[in-house]
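What follows is a group of structures, each given as structure tokens.
What follows is chain A paired twice: with chain B in the first complex and chain C in the second.
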Partner chain A sequence: MKRNRSMVVAFALPGTLLFLVTMVYPIVRTVFMSFFSIQEITDSVDKWKFNGIENYVSLMKNSLYQASWINLAKIFLIGGVITLGISLLLAVILKNGVRGRGFFQAAIYLPNVISAVAMATMWIQYIFNPSYGFLTKFFSALHLDSLAGIQWLGGDFKFWALLISYCFGMIGHFMLIWVSGIERIGIDYYEAAAIDGANKVKQFLYITLPLLKGIFRTNIIMWSISVSGFFIWSKLFSPISADTSTVVPMVYMYDKLFGAENVDEIRRDAGIAAAVGVMLCLFIVFIFTVVNRLIKDDDLEF
Partner chain B sequence: MKKSKKWTSLAICGALVTTILAGCGGSSSGDQAGTAGTTPAAGSGETTAATTQAAGTSGGTGEFAGVKLVYWSNWESTEPQGMVITEAVREFEAETGAEVDLQFKGRKGIKEGLIPALDADQQVDLFDGAGNKSNYGDRIISLEELMKERDYEKDTNPALMTLNRSYYSDGQLYEIPYQMKANGYLYNKDMFDKAGIDKAPVSWADFVDACQKLKDAGYIPLTTDDAYAMQAFGQHLARLIGDEEVKKVVNEGLWDREEVLAAAKSFEDLASKGYFSPQVGANVWPTGQNTELATGRVAMYCAGTYVVNETKTITGPDFRWGFFAYPEVDNGINGQEALVIGNQSFAITKKCANPEAAFALIEKLTRGSWDVRLAQESLALPADMNNESWPEQLQEAKPYMENCTELFATSGGLENNPDITPALKENLMKLYAGTCTAEEFVSNMLAASKN
Partner chain C sequence: MWKKNKEQSVNPFNLKKELALAPGYLVLMTWVGFTAIILIWVIAASLSTTGDIFRGTIFEFSSGLHFENYSRVWVASNVSVYFMNSLLYAVVSCALLILVCAPYSYVLQRFKFPGSGAIKTMLAATTGVPVIMVIIPLYMIIARAGLLRDEISNRIVLIALFVATKIPYTTIFLMAYFENISRSYEEAAAIDGCHPIKAFWKIVFPMAQGGLITVTIFNFVNVWNEYFLSLLFVNSEKLRPVALGLFSMINGMQYSGDWCGLFAAVIIVFLPTFILYIALSKYIVGGLTGGVKG
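Showing the complex of A and B:
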């Protein structure tokens, strides 16, 4: 077929323009804004005050901001292990042929569909409630009074309460991705291994895991993207104003961008918020690079 | 391609194109999910305020016939304020012949979306929302002239006028206050009666005595939520050193001041006597407010008078509310005449081509019968000083507001530094729950503010 250059350009142009305007321009502008002090996000450029790297420096010195990144790292690492681990386990169990597989898949995925606001309200106002909540009643019924007395939303436990609720909601999503990855593995390998005497665990370790490397990489990257955008859950567990145990960079950014509540002088700075955004972006780029270096799945063909 | 496949793919393409066009079409404003409930079609930003539409609803002879106003409200259309404003606006349209495009944007829609909308040249003429609109800069107009023309100022509480002028460097008024609230202790009058407390506490000794009486009668005296943890401590500290000094403490990390320790010790004392609810350390708002105060399990709660409206569906109409301003403390430099008062406010944008019409609407909502309706339906304080009809539940706040001569900053200034507020909240909750001592509180705060 003859390559008609003008046709190629005509078809590629709308998509490219849309991409440049909606993706590239905001990123470039945000990076640019992060070097200024800007009160309102839509202020004209003549109202911007040049700051150099002062935004970045002051952010990195700020202990609340540091706390937000520590929380993010904990959510990423510990939450990642819990979520990806449990979802993988569930995927493997489901693929091994339990009865009612369709039902279980739907049930496990259901929390992912329900709005985070509804879920968080359920967790905070019902499950974790110290007087009449589910956990309190459950432990009391088992006469485990010390466990029943735990204040799940008090300072020490609040982070873990948040993490558990978040992971509960995310497991279904990753489970489905694992399931689709496992389905790609031919059943012949398992049959051959079974004939050779390998039990389920050995099959999992030597067939399933290695052949899921590509999916594993995908899941880590998707997990890091959803974690860096962690906002709603943190806001719901700490409404009105942030808590040291639940603050994450995006919450910090929101408070800087639109002003924190109950502060009498209005202090908004879109430049600092832009700097936070740039750092979050770099975080994802970093994870992406590391994951791509460490996990190579192009040496396997099946 | 087989025939059926061809038609199916054609149908899907058609559906795709239609949805894209529909999506491009009715976008009403630049912000995210504004709430439902817009009155006449929210068009996409006309740039002339006065249109020559044929006489809207009234036959075109009213004072502002032919004027179009776009009014963004931070209420939801289903909130009591939203419902009352909708009716008031309709009456305004009928009386004056103006056409008002009333859009309910919700808190976030105003806080996050209004300035970008104004900067994108969208037509918004007036709006309401939280007090202190100083960040709007030159996007809103000074209302001094309009107020003089209509002799408006005399009917508003002067303390509020001072407060609203104080937000602006030129000392002029850019916003009209309404929906006032005061902060202090809200309490359950039935419990107070049963415990034998006949007078609201004035001094700290009265307050501790009241707590003891309540405890003896078998009630839980105090609770709070994390969101309001700063209120009691902040006002206590402000009684000792004034709110400007409190702001210095949080901004400069001066937690080693003796007054801070003194205040912390007062609360340590309350906690050790068992006056706080056992679950106070874990109350995520609105747990304490809704499950403890409104259900009649706890007697006192330190927050603002808006709590009465927020909990009315839980308390029911028979709940007897009381209010007293934060008690005076020993060695304090001010008393109950220093109060935290705040308000919502209206403002008119620079884009408004007919500010007189906008001001007339604001006047309608904040004076006379609509002010009364607004106050009654939303259990709030009337904006018009002449309105004697304060909601019964808030009657006790009246004397404190009328005698107020000094305005405290929010929470006595304790929330002035958002970077330290999270650590402060955490340590205050521990103090109230009795899991840390006053000295530990001070050293924790010193450590947290080292940076």
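Showing the complex of A and C:
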């Protein structure tokens, strides 16, 4: 088909310009800024002080920042196993011929369309509430008083409460991706295996899992992108100030950018905030590279 | 006998098979049941009183259904303002995104031109870049230009940001749909003397309807629920979208103590995307399961 110059210009120019100005340029500039000390975010360039990799060095030494990465790593690893595991389980159940599949699928995906603030409010104010909450009522009805007495929103349990409620919402999304992967595996594989006497578990281990490798890789990368943007859930569980048990890099960055009300340790610096952003990007690139190395595309054709 | 997967669900009832599936049903029922408990409890709480919530007697409705919780937060807690703001932001952003990204995605998919390959790679790469990588310089420029001081320019800034941050995703998403539309339609139109720009809007654009609707739903849900960008760029209470407004209500709870009102606000915030989802879930499920490459 002939290329029409005026159309290409008219159609490609607005998108490209917007994309360059609002995405590409800021990304480059953020990387650049991460090597400077910038007291106020609105400071002009001549007030920036170049300090090389000092931002990164001081970040690594900061205990709150370290805590934020430990939390992120826990969310990525433990939350990843929970989310990807349960979502795969649900997908396999759905694809095993249960009735009402469309309904179950839609109901499990539902939390994804609800505002995170509303979702987290339901969890915090109802499920985890210590006086009238679901868990307290549920466990005391079963006479498991030690479990009923857990203060989910305080101390050691806060992180786990945060993690469980976050994963609950994410599972539906990954479930649908698994379903689409399983859908592409021909049913003839399963029928042939069934004739050879393989039970459901064996079929899952030797057919479904190996053929889902590509989806598995995509899901891990998508999970790393999701958790790197972890912010609002942490803010809702610790609304006033960054709490070591729930702080994540995005929260730390936000406090670095605008200052935290009552954490003296955090001094405003837009350069350091930029460095946090760069490190989050590197985290995604790292996961991407590792996953692509570990899970190679092989010649499985299906 | 090579049956398609979908036909499984219309098989006649077979007790042995259903029994084998029992553990699966149990898991699904528990999961969905738990979700339902949360929603039903929150709806009941939003119609009861704060006293009933703390006594654990919300399902008794001893003093009737309190629909006034809704009217109270709608007016007094400014939920109506947040609601209208979110509606405005979401509708305008979604329309602009289609207007910019549909033609953009179309030329990128159909033609090779200088830089088109690089643009496609960069678009794909930036879908994975966390939003904090772009907001610091943008905040710097926008705040220094004084664009956050004025109400109207602040609104424009917000919508522009919602649009900008969703360009990569929307463009890439639509490319898959244009790929499935045969070029013969445009070729036929060209033979009839139709200008390619006109051919796009009159012929190809309507044919991509499914993709346009799907991506608009995703964008709408995203902008409606958006929190981080608004937190940074909203300068006055009057401009807050629902997520930000709800968050400020939660923080004010310890002073107001209006718990049933809070749950009513949660339901109000939740309702538009919920209704959209119920009405259009086939597009959402189809969009997620169709466009993914392994």
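Operating definition for what follows: the second predicted complex is superposed on the first by the 271 of 302 C-alpha atoms of A that agree within 3 Å, B and C clash if a C-alpha of one lies under 4 Å from a C-alpha of the other, contacts with A are read in each partner's own complex, and residues count from 1 in each chain.
Just so we're on the same page, contacts are C-beta pairs under 8 Å (C-beta built on N, C-alpha and C of every residue); 3 or more make two chains touch, one makes a residue touch a chain.
The model shown is predicted, which means the values in this text are computed figures rather than measured ones.
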item	value
Joint occupancy of chain A by chain B and chain C, clash or fit	clash
Touched partner set for A:247, first chain B, second chain C, both or neither	first
Which of chain B and chain C A:53 touches, first, second, both or neither	neither
Touching partner for A:77 - first (chain B), second (chain C), both, neither	neither
Which superposed partner A:154 touches (first chain B, second chain C, both, neither)	first
Partner chain(s) touched by A:282 [first = chain B, second = chain C, both, neither]	neither
Which of chain B and chain C A:125 touches, first, second, both or neither	both
Dominant toucher of chain A (residue count), chain B or chain C	C
First (chain B), second (chain C), both or neither touched by A:110	second
Which superposed partner A:259 touches (first chain B, second chain C, both, neither)	first
Touched partner set for A:173, first chain B, second chain C, both or neither	second
Listed stretches 1-9, 55-63 or 91-99 of chain C, narrowed to the one that overlaps chain B	91-99
Contact residues common to both interfaces of chain A (with chain B and with chain C)	41-42, 44, 125, 131, 239
Partner chain A, residues of chain C touching it in the complex	1-5, 8-9, 11, 17, 20-21, 24-25, 27-28, 31-32, 35-38, 41-42, 45, 53-56, 100-101, 103-104, 106-108, 110-113, 115-116, 119, 122-123, 126, 128-140, 143-144, 160-161, 163-165, 167-168, 171, 183, 186-187, 190, 195-197, 200, 221, 224-225, 227-228, 231, 242-243, 246-247, 250-251, 259, 262-263, 266, 269-270, 273-274, 276-277, 281, 284-285, 288-290, 292-294
Chain A to chain C touching residues, read off their complex	1-4, 6-8, 10-12, 14-16, 18-19, 21-27, 29-30, 33, 41-42, 44, 89-90, 93-99, 101-102, 104-118, 121-123, 125-127, 131-132, 134, 137, 173, 176-177, 179-181, 183-184, 186-188, 191, 200, 212-215, 217-218, 221, 225, 228-229, 231-232, 235-236, 239, 250, 253-254, 257, 270, 273-274, 276-278, 280-281, 284, 288
Chain B partner contacts - residues on chain A that touch it in the complex	39-44, 61-64, 67, 124-125, 128-131, 151-155, 158, 237-245, 247, 255, 258-268
Residues of chain B that touch chain A when the two form their complex	111-112, 115-116, 119-120, 132, 134-135, 137, 226-227, 230, 278-279, 281-285, 287, 291, 409-411, 413, 415-423, 425-426, 429-430, 433, 448, 450-451
